[in-house]
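Data block below; observations after.
For clarity, chains are labelled A, B, C, D and E in written order, and residue numbers in each chain start from 1.
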Amino acid sequence: MSYIEFLSEFLPRLASGAGMTVMVMICATLLAVFISLLFGLMRLSSNFAIQGTATVYIEFFRGTSLLVQLYWIYYVLPLMGLTLTPFVSGVLALGLNFGAYGAEIVRGGIQSVPRGQYEAALALNMSPAKRMRRIIIPQTFPLILPPAANLTVELLKATALVALITVVDLMFVAKQINATTWLSAQVFGTALIVYYVMARFALIPFLRWLEVLAARMVGKA
Amino acid sequence: DELTDRINAGEPIRLGFATAIPWAYPGDNGEPLGFVNALTLVVLEEMGITNYTTSVNEWAGLIPGLQANRYDIITGGMYILKSRCENINFSDPIGLFGDAMLVPAGNPQGIHNYQDVIKTGATLVTGAGFNTVEAAKKEGVPDGQMMLVAGEVEILAAMKAGRADAAVQTFFGAKEHVDKSDGKFEVTDPADMPEWTQNWVGIGMRHSDTDFLAAFNEAMAKVIGGEKWMEAVAPYGYTEFQLPGDDASTEYACANR
Amino acid sequence: MTLDTLHPQKLEDDGPLVRFADVTKSYGSLTVLDQLNLDIAQNEMVSIIGPSGSGKTTVLRVLMTLEGINDGVIYVDGEPLTHMPKGNGLAVANEKYLHERRSKIGMVFQQFNLFPHMSALQNCIEAPMQVLGLSRDEAEERALNLLDMVGMSAKKDQHPTRLSGGQQQRVAIARALAMRPQVMLLDEVTSALDPEVIGEVLNVIRSLNSEHNLTMIMVTHQMGFAREISDRVCFFYEGKIAEQGTPDQLFGDPQNERTKQFLHAVLDAN
Amino acid sequence: MEWRWEFTWEILPRMLWATGNTLLAAGVGYLIAVVVGLVLMLGQRTPYQIVNIVVREIVEFVRSTPLLVQLFFVFFVAPQFGIKLSAWTAGMLTIGLHFGTYLSEVYRGALEGVPKSQWEACRALNFTTLYTYRRIVLPQAFPIALPGMGNYLVGIFKDTPLLATIGVAELMHTANALGAETYRYLEPYTMVGFIFLIISLPTAMGLRRLEAAVDRAQGKRRN
Amino acid sequence: MTLDTLHPQKLEDDGPLVRFADVTKSYGSLTVLDQLNLDIAQNEMVSIIGPSGSGKTTVLRVLMTLEGINDGVIYVDGEPLTHMPKGNGLAVANEKYLHERRSKIGMVFQQFNLFPHMSALQNCIEAPMQVLGLSRDEAEERALNLLDMVGMSAKKDQHPTRLSGGQQQRVAIARALAMRPQVMLLDEVTSALDPEVIGEVLNVIRSLNSEHNLTMIMVTHQMGFAREISDRVCFFYEGKIAEQGTPDQLFGDPQNERTKQFLHAVLDAN
């Protein structure tokens, strides 16, 4: 069948799958952002216990593949008596995993803020928390955002993995259609384009806008 | 047992299967299609169970999913093999099935079974973890000639890309591919494959759900090969040739396959 | 550090506001402050002059707790700064203790260190609101008042990157003064200022000094400024105070050889 | 489902052999990525607007489409257009290009972290742009980029399982196969996780050391 | 820009080394340089004084091509700086042209801008080796020589973060001088220096001025310094030169009202 026919027949289903992909994406991102900040800051704590915990967490989740974590949460946790729905399993795995990567980015950004800024904040007698929240973190945005944007785009793509645990997302639908039509090139080609469109014309412009915002905030632009 | 109790309590039974046309696959709304699902429903109806839900999985995830209690029975159309029996129970066989070779139209290299593959030195593609891998090894196909990919999708892709000269899969799976790839390929006669690679298929269940297993077998004995049964599976190309035969027993399969 | 040399109990109330007792600070093998002793009284204005690298900035930095010290004790308002009384000895101070100590001290940096992501005004209201808990209105009133005094009200909404050197410095001064510290540390605040502005800044400082009896320690290279404003001038040399006295004494007839030499150069330059 | 040691020992050799493949794929892939990334980043800062835009779009396309699908296309679809690479070549090239686009972004962020005043100083000393990059800007950007680069070294290693789809017999591929043959997933998957850990932990630690060393070499004070 | 006002051809050889012709520079609505006209002769030493925000730093920055200008032309050595002759008009200069122009000019920044990842010595040999193509030995000899003159040879292997304000500034001066530019731009180089060091720096500059007939434009707030070193002093006010003349003229009997007022303040301060 021609590609046009193909689209007219299957695009609706692919679109509904894309909807689910976006859902997973948003939930996972929120979780990941929270974890990034939390553990990124913990990594910088002078308290050995806190820092240690963060390091262990980060290295564990960066160290083992997302796929393995996904399978663990979905197939092995139930054996230990904890059964989560596929959606929750997927979001959890994605959030925990990407949070670990985000934490490293946050840490790197914070450490590259000039020392003079800490000193000035300290000289104004701001509490460590205030120093971080009001002075240091805002200045890290321009540094953090490009790599963070990378990570978000990666996360969008990583959502494809939740298809493996029966979440009916774009990739899942694509596989279904392929299994009945066996038009692999068309099916996955279309999926590829849909992912690209989502990233290129929605996600990335949004992230760029954030970058510009941050740059203006520090009076660079 | 737990499953029986749940069903008696009026909860739906959960069918787990992967997408393997025409064995078992989901419709647009996830309704169970394929002959294994069809005949399972016949049996369940006989047992007075009409209330069910479905869960579509990766083939490789079917058994872990069952063990993780994400569904109650596997209707994917699984061969009854020793290695599998160690992990799950199987109902009595629902049929006897053989593998076949998927080859380019006209079968240029004349490949009909594993021995032909070895002779011709052709590259044979199949899915990682398919039972055909074990079979090919037993038949002596050297690793160098084997190409293991993720699943059905990649198997067909590999054939289309000309990366493999032949693919070995279930007869039904191969037939499906032939139908969907307008005359590029053809499927060899299953009878040409070594007899011992013929396998019985059963419905998979948890070791723990023994009462249910018994009840299921009892009900199946009543309907198997019957009129209801045959018309349920007819649309999927399942004929009386696939019927297991009276001597077939799960114990035997578990011990010898 | 050697605790035996210390007297943890609070100093008598009429004692100095700031006391350096045998303070030593070194970076690796390099000793920057060498058993420094220095008392500064309530409401006093002290200038620190001396050759480059003699440890002037370091004195301010250790007093601001930006650097730890290797030996000795610093007292602020009679209480040890970097160590808190514990039992009948001293223990290294925790953040909470330091926070409370620091509230008495403010500092203006040689490199300004303004917050680049905030406008001049925001730079000045941030700490008063966050630390002193002033309402935005109170904070802004105070800040605008100070920015006006240093002639920066016109640029209050500019980000530091868009300000000239002198303008940045004046914002930095306003930012520190807005905290109304008891002790104010100024590191070469006049370096980027032209004489006119220096005059204005001088007046601001003077008035605060009298109104809020502000105590001040300033590092400067401009003898004129030191002479003008300070009650006492300390000449630093190699991490020690080589000589100190009223401006007239020190500039009038210096005793120490090194001082003479230094001031001689000054006269050459001006 | 209890843990079976004898089974663990039985499959260990195959797992270790697969580990070798994983390391090889990750290592070569990363080398490609580091270089490609640099090229792609500089390609977006040329004086020629057209070049910049084209490169930009290439980066955006590659990094915003799933590696899994890219592999599928390079390996299974490209041959239909006459490009036929071996599983290994296809795998490492694709993964290298893919991560190259990420690294180019990391580099970009780091460059923007270098103060404008440093560029001005170079102008005043009349350095050529190229030289300014090489000796002044990149050395200062490097410490900022390091955490991100470390992330992707670990990340590329973590993503090698995707090579399974095109039949590169790396760890995950082997674990899947073992699991599917024996229907025991606990041991293979746990071992995969464990092996990933004992390899990536020292790597990450090494990276930390490196970061610290670089900062020390550049005379930075740590906060 | 309005090209008709310009005379693209090279100026006669005995003309000024640097000429600002009706140069205007503005940031948005704010005009920082307002039709500035200024000629500086070969080997001349010009000081620029004036209130904060009057455009002093900006003059140096546009001459260093760090900022573009909105109108007018700047000539260096008779040739337009930001525009290159093309046909019988002027076209905006390309990087190559600028590179060649810039080789005549050197600058020391108010904020030093040392390279943090290099030691003091490396900071000084980098450019001579790469841009002038000196051998490492030549470059080091020259650099050590200069570092010694400004009294920094002891710290030559330290990174900037470990140097005091004055020490950083001296390295910055040495770094710029090592390039032996024809025109040297100094932005408040003395701000972080104590009078002693200023004296030394003065001598270094003087000697270079005579040996390598160096031309100099320096922004300063220290009248003493300006008086001491310069052949001519320009008083800047709101982006224009309000008054200029020899130190004696300008400090002796200023004509312009604003100048008087400014210098009056100076006398207060010193």
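By definition in this document, a contact is a pair of C-beta atoms (placed from the backbone, for glycine too) under 8 Å apart; a residue touches a chain by one contact, two chains touch by 3 or more.
All of these numbers come straight from a predicted model, not from anything done at the bench.
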Output for shared partners of chain A and chain D reads B
Farthest chain relative to chain A (centres taken as mean CA coordinates): E
Using mean C-alpha positions as chain centres, tell me how far chain B is from chain D in Å, no decimals. 39
So what's the Cα centroid distance for chain A and chain C, whole Å? 46
Taking the mean of the CA coordinates per chain, how far is chain B from chain E in Å? 84
Could you please state the distance in Å, as a whole number, between where the Cα atoms of chain C are centred and where those of chain E are centred? 32
Which positions in chain D touch two or more other chains at once? 1, 72, 76-77, 80, 185, 221
Note: chain E residues in touch with at least two other chains are 111, 161-162
Where in chain B do residues touch two or more other chains at once? 64, 67, 157, 160
What are all the touching pairs of chains? A-B, A-C, A-D, B-D, C-E, D-E
Listed in rising order, the residues of chain A that touch chain D in the complex are 59-60, 62-69, 71-72, 75-76, 79, 101, 104-105, 107-108, 111-112, 115, 118, 142-147, 149-150, 153-154, 156-157, 160, 171, 184-185, 188-189, 191-192, 195-196, 198-200, 203-204, 220
State the interface residues of chain C toward chain A in the complex, per the touch definition above. 64-66, 95, 99, 102-103, 105-107, 109, 111, 113-117, 126-127, 130-131, 159-162, 175-176, 179
Footprint of chain D on chain B - complex, ascending: 60, 63-64, 67, 83-84, 86-88, 128-130, 133-134, 147-150, 154, 157-158, 160-163
Give the list of chain E residues in touch with chain C in this complex. 27, 49-53, 57, 110-111, 162, 164-167, 170, 187-188, 191-199, 202, 221-225, 228, 261-262, 265-266, 268-270
Residues of chain D touching chain E in the complex: 117-118, 120-121, 123-129, 131, 135-136, 139-140, 217-221
